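What follows is a set of notes on a single structure, which appears directly below.
For reference, chains read A, B and C in written order, and residue numbers begin at 1 within each chain.
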C-alpha cells in the first residue's frame, strides 16, 4: 500500500552539534526529520576583513525547490544571528558547509523546516548540541519571523511517538495545538515562537543573546 | 475552496530597515506582500575604485521569472539612486544581498513589486526603516518611471484591512482609485507617483535627495 | 526479455586501493557493484592553512540524482573521518577526485551505496586496499549513521554467487538477514553496522581509529 515515507521514528538518541530534530508532515502522517550539517573545511579566526563572501553551502537529501530556498534563507539569517552570540565566529561566513536531510531516497519539500535548519547551523557554528530531546517546526522569514505551518496534529503525535519531550511551534499555530486532545498534549513541554529569538532561548538556555 | 494564498494580513507591526510592505493581487483578492532584504556580509567604506562589480543578489520566496527580473531591474536602479542620496554608500555595489518574499510555499510573480523592491533595498542600504504604516504598488522601468498595475481596488481593500494608513500608487492608476467607493477611500492617505522620486519623498520625508 | 542489469558477478578478484565492492538490488535480482575512485592530481603535504576548499569530485557511471548526492554526502563524511585516522592526510581535502561506477551503460540510482563510497574514498586516501573479499551495503547519513536498505535477500545471494566471504549490513536490516534460509547464510561472515565506525573496523582491522 504505497511507499513508506519517514518511517523511522528516531534516528538519533542524542543529537551531536550540527544536528537538530524537525517535524515533517506527509500524506502518511507526521514524522521526525533530522537536519544534519557538517563543515567541509577548517575555519581560521583571523583578522582579515569580511567584505567578500568566502563560504559555500552544499545541500543534499532529495530536497525540492522550496526546501532548497529554505536552506538559503536560513543560512543568511543564521549568519546575522550568530554575530549576536559570538561576534568573532566566522564559521558560517567562511565555512564550506554541507547540509543533508536523511533519508536520501525520500523526496522532501516545503518551507516548514526553516527554524530547524537555522538551529542546526547555529549548533554547528557554536560547536554545541542543542538542548536534549527538543523538536521543532516553523517557516522562517529572512528577518527571523516564525510563520505558521500545517499538520500540527500529525507532527505533535510524531514527536510523542519518537519520545520527544519538548517541542517549539509557531505562535500562530497555538490554536491548532490548543484544540488537540488532552491525551496527546500531556507530558509534553511546548513553546510558541513568534520570532527565532524565542526558539533560540529554548534550545540554548545558557547562551547569552545580544540585542539585534 | 482551493488553496489559501496570501492569507496573512500583516506580518510586521513595524518594519525594520530593509523591509517594505507591498500590495499583491491574486485570484483570491488583494493582500499585503512584504519584501525582506538582508546583507550577507559586511561592507567596508574604503578608498578603492569601484570599477569592478563585487556584489551579488540572491533571491528566494518561490518567485516567477518576471518577478525575478523585477528584482534585478530594481537593484540596478537602486544603485544609481543611492548615489544621489549617499555618494559614498557602497552597500548595493559591494554587498552580497539576499532578497526574500515570505511565504516560501506560495508562488509569486509579476512586475508590480518594482517600487517596493527598490524601497526595501534603499532602506537596507541607508540602514533606516521607511515611514511607518506605508504600503505601495507599482512597476518600475529601468530609469525610474512608475508604470500602472492591476487590481487597484483589491489592493486598496487589502491595505485597509491590514491597518495601512498611507499608500503609494502609480500616477496612471489615479482614475482606478478615484472610482472606488468613498467608504474604501476614507481614512487613507494616498500618493500618486509617476517616477520613483515621488515614492522616495513619501517614505523618506527627511532625507535630502540630490538631482539626478 | 528486458535489459540485462548488473550481469557481471565479479569484476575484481582483488580490489586495489580506492576500489570497494558494494551490493545492488534491481528488478533482475541482486548484484555486486564496484565503486572505483582515482586521484587526478598529486596532493602535497604542506603547512598551508586549510581554510579554502581546493579539491573537487568528478562522478561518472550513469548515476541518478540520489546516487550522485550519495557521493557528496560520502565525501563530506570521509573528509572528517580521515582526520581521525591520519590527521595530516589532505588527499580528500585537496585532491581532484574521480569516482566511477562500472558499467557505464547501466543506469544506477539510490542511496544504498553510501558506506561503499566512503570506504572507497578512505581506501584511496590511505593508499591501502580494504580487507579481501568483503562486500557491503548501507545508506549513510552526513554524521555517519548507517541506515537500512532494501533487497537484503537478493544482495546476500549475489554476494555468495560472486564468492564474497564477508558482508557488512546495516544494523536495522538484522531481522531481514535473520529471516533468510540457513543455506544462504552458511559460510558467510556477517557484520551489522549502526555507524560507519563499525564498517571501518571490519575493512581496516589493523588501523587505529581515534575518537571523533
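We adopt the following convention: contacts are C-beta pairs under 8 Å (C-beta built on N, C-alpha and C of every residue); 3 or more make two chains touch, one makes a residue touch a chain.
None of these values were measured; they are calculated from a predicted model.
In terms of the stated touch criterion, chain A and chain B have no partners in common.
A rotation of 60 degrees, rounded to the nearest 5, superposes the Cα atoms of chain A on chain C.
Using mean Cα coordinates as chain centres, the one most removed from chain C is B. For this pair, chain A with chain C, the centres built from the Cα atoms lie 30 Å apart. One finds 51 Å separating the Cα centroids of chain B and chain C. Against chain A, in their complex, chain C makes its touches with residues 49-53, 65-66, 69-70, 72-73, 76-77, 79-80, 93, 110-111, 114, 139, 141-143, 145, 147. On chain B, the positions that touch chain A within their shared complex are 8, 11-12, 16, 18-19, 34, 36-44, 54, 56, 58, 60-62, 94, 96, 98-100, 102-105.
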